[in-house]
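Order of writing sets the chain letters: A, B, C and D. Residues in each chain are counted from 1.
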Amino acid sequence: MFLSEAVAAGIATAMREDGTVFLFGEDVDRSVLGPTKGLVEEFGQERVRNTPISEQAVVGAMIGAAATGLRPVLDLMFGGFLYVAMDQVVNQLAHIGYMSGGRVRLPVVLMAGIGPSGQAGAQHSESPHAALMQAAGVKVVVPSTPADAKGLMIAAIRDPDPVAYLMDVSLAGSRGPVDLADAAVPLGRAAVRREGVHVTVAAMASAVPASLMAAEGLSASGIEVEVIDLRSLVPLDLDTVCNSIRKTRHLVIAETGRRTCGLGAEVAARVLECAWETLEAPPVRVAWPDVPVPFSPSLEFACIVTEGDVAEAVTRALGGRKPSAA
Amino acid sequence: MFLSEAVAAGIATAMREDGTVFLFGEDVDRSVLGPTKGLVEEFGQERVRNTPISEQAVVGAMIGAAATGLRPVLDLMFGGFLYVAMDQVVNQLAHIGYMSGGRVRLPVVLMAGIGPSGQAGAQHSESPHAALMQAAGVKVVVPSTPADAKGLMIAAIRDPDPVAYLMDVSLAGSRGPVDLADAAVPLGRAAVRREGVHVTVAAMASAVPASLMAAEGLSASGIEVEVIDLRSLVPLDLDTVCNSIRKTRHLVIAETGRRTCGLGAEVAARVLECAWETLEAPPVRVAWPDVPVPFSPSLEFACIVTEGDVAEAVTRALGGRKPSAA
Amino acid sequence: MLELYRLMARIREFEEACRRIQRTRTGPGPDGSVSSAGHMPGFVHLYLGEEAIAVGVCAVLRPDDLVASTHRGHGHLIAKGGDVEPMMAELYGRAAGYSKGKGGSMHIFVPEIGMLGTNGIVAAGIPHAVGAALSCKLLGLGRVAVAFFGDGACNQGVFFESMNLAALWALPVIFVLENNLYSEWTESQRLTAGNSLAGRALPFGIPAVVVDGNDVLAVRDAAWEAVARARCGQGPTLIEARTYYYGGHFEGEEFFAGHYRSEADVASWRVRDPIVRFGRTLVDTGETSDSGLELIRREEAERVARAVDSAVAADPPAISELTTDVFADTEPGTHPTVTPVTATS
Amino acid sequence: MLELYRLMARIREFEEACRRIQRTRTGPGPDGSVSSAGHMPGFVHLYLGEEAIAVGVCAVLRPDDLVASTHRGHGHLIAKGGDVEPMMAELYGRAAGYSKGKGGSMHIFVPEIGMLGTNGIVAAGIPHAVGAALSCKLLGLGRVAVAFFGDGACNQGVFFESMNLAALWALPVIFVLENNLYSEWTESQRLTAGNSLAGRALPFGIPAVVVDGNDVLAVRDAAWEAVARARCGQGPTLIEARTYYYGGHFEGEEFFAGHYRSEADVASWRVRDPIVRFGRTLVDTGETSDSGLELIRREEAERVARAVDSAVAADPPAISELTTDVFADTEPGTHPTVTPVTATS
């Protein structure tokens, strides 16, 4: 199944099991990026509703709806459009749970496509995951496989709190097996995608397959990379990362977003707080440089996180040295 | 001079020297938080303009104005209100310089008050500095003294690029001497506020005076803390921090904002990248926990960064040990 | 009818109490501790003079109807059935407050009375009411939702987006515009183009009426029609209620704002005081007597005084509350993720 | 007059060229490299069928007047005096492009012709035009600004905020609403309350007119009046131009969108093609002959073909360009801050 289809399968599962789940968004019936395609045919225009181009009011409406019995899922299409509604996302959706002293819980899922999708230009290539991590009050998930895409969506919709569900647009057309049994993948757990002993690579989204490819390549030269798919950024499963470091003693973080104040900075800082003695070298961040994503294919390619970037970072993490047997 | 008056003095300097500088904002004539008070008397309602409560259109208008010959300064009042205009700030203001291949430069200053101002509640206590650091394309300054408040404002208005000028509301009423000679304080340079040999504390905004007080207290027990006022977050003066660490070999970062993906994470990650061998212990972050700022005075006090928090962090950075003579 | 008077009196007494307390304000101790009555923290936006709007509108609502409020929300809370004790406790930042002391005046949410929240961001609550109306419609609950907001909020884009959405989907929502002529310290006419705020609803096909916001019965009647339309599926209505706030934008503002309105203006509105006027009507129609009104006022003053006393005596939240309630299921920092690790070799 | 025809023809040829190239699309190599004509990267929103609007409006603008555009911006660029060579180079992501290849179709800014920018965020350019008009007014430049935007953009809050600001300050700005009936793949009437988009200007006191957007002279005349008002300080005007896009929302969308409009609809609009119509007028009034028109079409087709050839042959930006232009004075990563440090003891 394609990853984007798996997203839709997850939504369908949740809509079948719970009549209060409704889907909203611009062109959500035809689905520009694919993740809601086909749902209108099964659930009709009442439950799958196209919205006007009014991101602020629509996110705001999700809040009022969630406070009064709906479990709305809103597809914002591209992650950059989230900024249009940022007040409703941060000051309202994220904070109401806390500001109300726990009286109000808002089960809203905000979907957005992140990262470049083949030269769409800066505004259609943003990844607001770090801004969401900063907000406090929104869970953030980023699947990298079709199986997770479905399972995390089911968990996100069932969750009592706001969840930002970010789909790496460059993975929308990737394929993989999907659990037909409609099981949720619990939020807050990373997945070890490949075992290794020399370096841990903690990655998100399309940086996961890039890291796996890099690991394959490095394996030939005797470097065994452990690849962790973080997949849940809030809550962040630091235990899995730290367990891995206990073995590898080296860390690379690979992120599909800008470097400054990003996921990489946070993981590096947290790991140091709990595993300083363990690390033999400083954590290495692989991320976009601090630029809006450029349009030109060669610049876009230079900007994003590729297999080569991860391989180079692993080598840097090992200090250029071949690893000794760990 | 009060810090808020020094801000106004900096704006006045720039308005006197350059007739294309205009000031905008809600109630900017009377100034809710103080930093634009008195300017309408000197410059009149044409150059000091009250705006409607329309943050999106007003930030957008600053962009169009700056692209065509004005140097607008916009006071957004509280930092949390910036989220209302986040699309215009990130997708437009920050990115147009790059997206245009350098054809367009936007000399806009966005002012906002940050941090709690005495139980104003979460939405009036935000500090969006980390989100702005993430955006790529906005410089970010945060004065902690009246002298810097004036000098950085002059530099910000003269700068060819967008600058977010953040005033810690809890410092608005603090006093200090101010340079009467209208000199700019250049962007991108940190200031060593106190010399010390055992631990470096890199701080921003009201965490600077908190750190200085902590340093005084610790000095009595033989711990000499070097306190650096980062004051310019973009560009970030890492050299000054690293030079200090070369001496102290221990780092604490004190930030007036939420911990996750914040300034502290970034400084920690960058310092490790360039000074891994130098550090004897992991960097310690002092920041708000990942919560919206609570209202109740005792909780608000527990949330913010205080002298005690910094002192405790310094002790933690030193591993509980008394320092040996460095 | 007496109940309307009582609610207006309760709001008035509540707000006057806040005003008195704030004027004797001493501020919290250096560690944020507060004890005496003079320690109400933060700042408050009072509803003094606008009482007829909230009370008139809520008079025609059912308990399970929904309301989204603003930074000036005490009146909406009380009119919708809020209890002054947890309200006052919240204003004092106490654990017994509606938000456990975490929210404060601008962040109070009371699902059990249909209060979707007061709100510190101008206009941000408007779409919340629209969304609540959407649930009412989609779940077939027969409830309606009300968005209260000010004249200043009418320049926020989300207000227009919300009207479009509500009209498009024919949602059971009533937009109640409390036009008190000011946006903070600036006369709204200096900020607002066109000559009718109510008229901003018309391009969306939303009917709009203007009422005297200091006449509780006029407000109630307008709201009754709007609610009736909403309940039978005819969609939204906008009500512009013209009024004035005696207290200005926030209590204690004089020091910051200077003089931005004339005494004469304030006085001219005092003459039209909604409570005095309605009291006179009640007496004139034989509904009650002057002393009957007096009794109500005294009862409400005592109710508020008790709320102040109990708020002053109440405990602040435990410091451990700092990090709870961000999520339903977990506390930040207690996710199963922060076990310290040490080297194995 | 012939110049109007020529500009419409240039836009048509430019967009048809993009369409052809995208249809033979092969995509960049694995490292982002592109070489042949079939490699135009990204996706483009074509202005096919709407040419009369940009050309009619820009016909009455001076070179130093300002324009804010949209995601569907090629027409605005050409009509305002943009050169098809750096445009096409930008669409190919070449260093010679208007944005050095960093922007792409939706991010083109040409200060020297008054182009404030195409824009990938719906409605975001509208306040940029308002701000430009503000500078024109405050600096006393006698210039005017135009905001182009679509019917879908009329549901964005910032559109209303912008109208309020423009009317309040009587700014020299013209709001040009290109109503092509669709917001992406949804008919806008399914998303839009009320029965007139132009009517949304009225509550702000902004005069609004509706014109046939496929009649270049009607558009020009409406724009002439609006610009005259703006230039003499009478403030903003809104022009709703009714039109249709032949190509749909973006080129290559069929695979994703399926069938969302009827062939009959498209055909009915083709009959009103703005270029054919205006050509007929020019011939009927003796302004030129069929062969005169034909010549213009051929010249413009050749101009565009040359632009394609030179774009295909042009160099991509150097990889070192990745991190330049974020700020005027410095490159990220080259701030004087990243000297590695080593231990001193």
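Assume a residue touches a chain if its C-beta (ideal position, glycine included) is under 8 Å from a C-beta of that chain, and two chains touch if they have at least 3 such contacts.
All values reported here derive from a predicted model rather than from experimental measurement.
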| item | value |
| --- | --- |
| Chain pair, B-C or B-D, that carries the greater number of C-beta contacts | B-D |
| Most widely separated chain from chain A, with each centre as the mean of CA atoms | C |
| Centre-of-Cα separation between chain D and chain A, whole angstrom | 33 |
| Interchain centroid distance [CA atoms averaged], chain B/chain D, Å | 38 |
| Chain centre separation (chain A, chain B; CA means) in Å | 30 |
| Junction residues of chain A - those touching two or more other chains | 51-52, 54, 56-57, 80-81, 84, 87, 91, 98-99, 121-123, 136-137, 290-291, 294 |
| Numbers and ranges of chain D residues touching at least 2 other chains | 97, 99, 101-103, 107, 119-121, 155-158, 161, 164-165, 168, 191-192, 326, 332 |
| Of all residues in chain C, those that touch chain B in their complex | 27-28, 31-34, 41-43, 90, 93-94, 97, 99, 101-107, 119-123, 152-153, 155-157, 183-186, 190-192, 256-258, 260, 316-317, 319, 321-323, 326, 332-333 |
| Partner chain D, residues of chain A touching it in the complex | 26-27, 29-32, 34, 50-57, 80-81, 84, 118-124, 289-291, 294-303 |
| Touch list for chain C against partner chain A, complex | 66, 68, 97-103, 107-111, 116-117, 119-121, 124, 126-136, 138-139, 141, 145, 157-158, 161-162, 164-165, 168, 324-330, 332, 335-345 |
| Chain A to chain B touching residues, read off their complex | 80-81, 83-84, 86-87, 89-91, 94-95, 98-99, 121-123, 126, 130-131, 133-134, 136-137, 234, 258, 260-266, 268-269, 272-273, 276, 281-285, 290-292, 294 |
| Residues of chain C touching chain D in the complex | 155-161, 163-168, 191-196, 199-200, 202-206 |
